[in-house]
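Two complexes follow with chain A in common, the first pairing it with chain B and the second with chain C.
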Partner chain A sequence: MRKNKLLTAFAILVFVFMIAPLIIITVTAFGEGSAITFPIKTFSVKWFVNVFALKSFRISFVTSLEIALLATVIALLVGIPAAYALARSGMKGRGFLKSVFLSPTIVPGIVIGFVLYQFLVLTLKIPVFVGLLAGHFMVTLPYVIRVVGSSLDQFDFSVEEAAWSLGCTKTGAFFRVVLPNITSGISAAFMLAFINSFNNIPVSMFLSGPGVSTFPATLMNYIEYNYDPTVSAVSVVLMAVTVLLMVIVDKTLGVAALAK
Partner chain B sequence: MKKSSAFIMVVPGLVILAICLFLPLLRVLVPTFYTGDYLFSAYADFFKDSYYLKIFVRTVKVAVITTIVCMAAGVPTAYFISRCDKKWRGILLSVSIFPMMTNSVIRSFAWINILGSNGIVNRFLMMSGLVDKPVKLLYTDFAIIIGSVYLFLPLMIVTVAGVMENIGDDMMEAALSLGADRLKAFMKVIFPMSLPGIIVGGILVFTGTLTAYTTPQLLGGNKNMVLATFIYQRAMSVGDWNGAAVISLIMIVVTLAVIKGFNALAARLDKRGGDHA
Partner chain C sequence: MAFMTLQDIDVRYDKKKQILKGLNLEVKEGELVSLLGPSGCGKTTTLRVVAGFIEPENGVFALDGEDLTKVPVHKRNFGIVFQSYALFPHLSVYDNVAFGLKMRKLSKAEVDKKVKNILEICGLTEFSVRFPQQMSGGQRQRVALARALVIEPKLLLLDEPLSNLDAKLRINMRVEIKRIQKQLGITTLFVTHDQEECFSISDKVAVMNQGVIEQFDTPETIYHRPKTEFVARFIGFENFLPLNKHGDVYKSEAGAVFTVEGASGEDSLMGTIRPEDIRVAEEGQTKNILTGTIGVRTFLGKTYQYEVETEAGKFLVNRPADESYEEGSTLRLYLPETKLILVKR
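For the complex of A and B:
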């Protein structure tokens, strides 16, 4: 199809707008001076060394990995059966139940963090880490319900019924017929939930305490008190990991799996 | 499937949601109805206070402008992507998804480097002699808006491109062969057909901007608060937990209203599109 020149120019401008800031960050990470400059005058990797030397970064990075992984796994364990029941049964009020499961998306992240801090941590004296995990569960669950749900909607359940009629138990059919057919949906849900939990800030703002702080929150805190290329270097490391993840997803599920 | 087994499958999720979301929400938000002289007086007070009102208006203003800009920039770009061949579509989609997977702290930090008093824009302006001293760009509403557009434009593009991909080339060709020019064909055929995607994108961008914390905190600073940063400030710096709860409920209500509003708009536009056809 013939392309409109004006539209092409417009799209190029939009992509420059989206990518240029990330390129600028990448360049500034390699500057030597402690002030962020663009373009850089001398090349150095000392800020990358600083990233790995900062203890608060290391500790919070591990916390974020733990929280994101645990929240995602729990959301999958709880969400897959729920999505299956919602897709499969003729339950009354299915639509309502689905909106209940998706309701965390309607509550702003900062509000989730705020009410969980007040109720779970201050009133019930539950450890902050558990509160933080509960908050991140609210981030991850809707991804599982939505993405696994849409892959169940595309699944032809007559295959499952065939398994039943051939003598397979209901549980057996679920694990040996249904689950293997929705693995790509589960993988996509895992990636999306994990990445969004890892990157989430608002939910974690209130839910921090001694020794419990997520990586993005630590990063944000650092920016508010320091202005040096350390954050640029962190950004480059994180972006490199993101690129790696996206390549893996593209090779296995297709990059469109992340567009949900 | 038996009712009892379906029930067992949804119960664990519902229990966690009840204990870790609904109950805390009720326990924290319901008491705000009864604080003050009369029912809901805390809410009346909120909208009477000019400082609070200013923050509310700023939040809505930022969300409205961000949504409009994201639609204006995102819809044509999504259309462009959807008309590329398969290889380019994959590349451009990846380039759009990449920022979405990148932390919002990083994406806001990028704009601190660009808009700051010693940032790229100001150094360019000073070098070219257009201004003598740095222009204040960072810690303004403008900075929050540009940061929010930067944050949510990819979401808009990816959402709309997903819908436009399913509209075949033959639609456009049919309109062209019937005498419409390209712009008219886009406005009369492609645009109405992709409206569901644009509405979903609009909801995501609007509610996302309305409730965003990171970008307004880093680019707006303490003088240009929005509702999300205001909740944190009320609770943590001032210790006004009731005030923070009031703002929380206001945010939830506005979010719900916006979703309902967008959907109603979609239904109306859909009907009108039908009348023309």
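For the complex of A and C:
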């Protein structure tokens, strides 16, 4: 193929545009001064130490982990059967149901956050943690249905029929034959849902309450009052964790599993 | 006594399109019966009704005198081989075959004995630790067969099992299937659209068209004596000639006189003949003659095939390569009365 120089230059420009801020943030995290500056004058890791020293960060980090983990597990428990039903049943309105399930990815997060706030917090007055969990469940469910659904679509239906013909009930066949063959889809769904829940801001902002807040929400709060390199350090830590997760996904399933 | 019967089976798709229309079929114990037909004729649907994947709208499916119409798949105890083989990708060959036995809660020793026995019959002993993805099409096919047979099914159902194999393997496998079927004496239904495959393997053939069985006979009878125009066309009778009864003889629409061996009572029929059974008329012959002009001549190796434009339309004629005729010349065709067959229009 003939290389188009203009196109190459354009691609590099876009790449720089995307990567440069991340590099700058990473560099500023290692500055010693109490304001974020670039380039840095002296090197220090004290802001990284600060990240782990701050109590509100520690607590909200654990909260975020709990919420992301629980929401993802519940989304898997609900989403896998739902995806199965969508993939296997020949009922009418299947396409419509599928779009309903996927709608939370299309509707702006701020809208979902506001609606849930109105409904769960103001009307039902449910505990903050449960409210957050419900919100995150809503945000993660579409990813599970979509990723598991595409794994199921690729799985030959007659393999299940073969299991039935060999004396397996429909439920038995689901556990013995279907589940073992969609594990890669399930782990991809898990990763994707987990990352999305952990990074979510709009839903968490609305549903956080006194004493219970997610990590990104706490971080937002912190930035409002303290504009020091702790923020950069946190960003670096988050990026590192996300990259690590993606590498694990890529090594085990291939990044393509997430794009399906 | 029929071992397996399908009685007045109706199947509809989405409450609209009717796929099976009052289908009837009787199979004797130990027989291998093929369902033959073009795609969309309902042969796979018939198999799926027998398997229990589809519940018919009307009709009864019975086996050995027992009505099984409403019995769910997993309680029928039938062995099924799918077109895609449908092996369990996460299990080894051994575990694939053992799956059905484990469902039946057999002891480990019994499972082991039966699995090893069937793997041996199917020539798979050395592959028992492999996984499906590591095997060739023919080997997977055999695993699928072993998995279906190991549960000692009352019925073996094969859905186009050979269509994903290459030509040479297909011939080996069909001999293999027939050998195993006879060895175990298991009643078998075989779905295919390939007539050669079907004739070579079956005790009896049911030719299907648009949701009904057009003819149910031995392969020989179907090959030589098709009963309907559809069956005739499907199994290679290329030439058709509308005939009407006039006393003892039949006349074509153009008035040519034909005599036919084993003529039936009906007045308006279709005469049909295979391209290789048509002769070139000798001087003085007047009966069973059709005159036409040679259009295209095609070389087929041992024979030439001529497309002859006659008064009754296009006729395909195969003649040995040593008696060649030129394109454009006139040919008097003789349709021997033993080879000309009458079918329903």
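Quick note on the criterion: the second predicted complex is superposed on the first by the 255 of 260 C-alpha atoms of A that agree within 3 Å, B and C clash if a C-alpha of one lies under 4 Å from a C-alpha of the other, contacts with A are read in each partner's own complex, and residues count from 1 in each chain.
Please note the rule applied: contacts are C-beta pairs under 8 Å (C-beta built on N, C-alpha and C of every residue); 3 or more make two chains touch, one makes a residue touch a chain.
All of these numbers come straight from a predicted model, not from anything done at the bench.
Annotation: superposed three-chain arrangement on chain A; chain B versus chain C shows no clash, the two fitting side by side.
In the superposed model, the vertex angle chain B-chain A-chain C (Cα centres) comes to 90 degrees (nearest 10). In the superposed model, A:Leu132 lies in contact with neither chain B nor chain C. By the touch criterion defined above, A:Val148 reaches neither chain B nor chain C.
Put chain B and chain C next to each other and count what each touches on chain A; the higher total goes to B.
By the touch criterion defined above, A:Ala188 reaches neither chain B nor chain C.
Touch criterion met: A:Val78 reaches chain B, while chain C stays clear of it.
The minimum CA-CA separation between chain B and chain C in the overlaid arrangement is 9 Å, rounded to the whole angstrom. Residues 170 of chain A contact both chain B in one complex and chain C in the other. Contact residues of chain C toward chain A in the complex are 51-53, 72-80, 82-84, 86-90, 99-100, 103-104, 144, 147-148, 151.
Within the complex formed with chain B, the chain A residues making contact are 1, 3-4, 7-8, 10-11, 14-15, 17-19, 21-22, 24-25, 28, 35-36, 38, 74, 77-79, 81-82, 84-86, 88-91, 97, 100-101, 103-104, 106-112, 114-116, 118-120, 123, 134-135, 137-138, 141, 170, 195, 199, 201-202, 205-206, 216, 219-220, 223-224, 227, 231-232, 234-235, 238-239, 242-243, 245-246, 250, 255-256, 258-259. Contacts from chain B toward chain A in the complex involve residues 1, 3, 5-10, 12-14, 16-17, 20-21, 23-25, 27-29, 73-74, 76-77, 79-81, 83, 90, 92-107, 109-114, 118, 120, 150, 153-154, 157-159, 161-162, 169, 172, 182, 210-214, 217-218, 228, 231-232, 235-236, 241, 244-245, 248, 251-252, 255-256, 259.
Looking at the complex, you find that chain A touches chain C at residues 156, 158-159, 161-170, 172, 177, 180-181.
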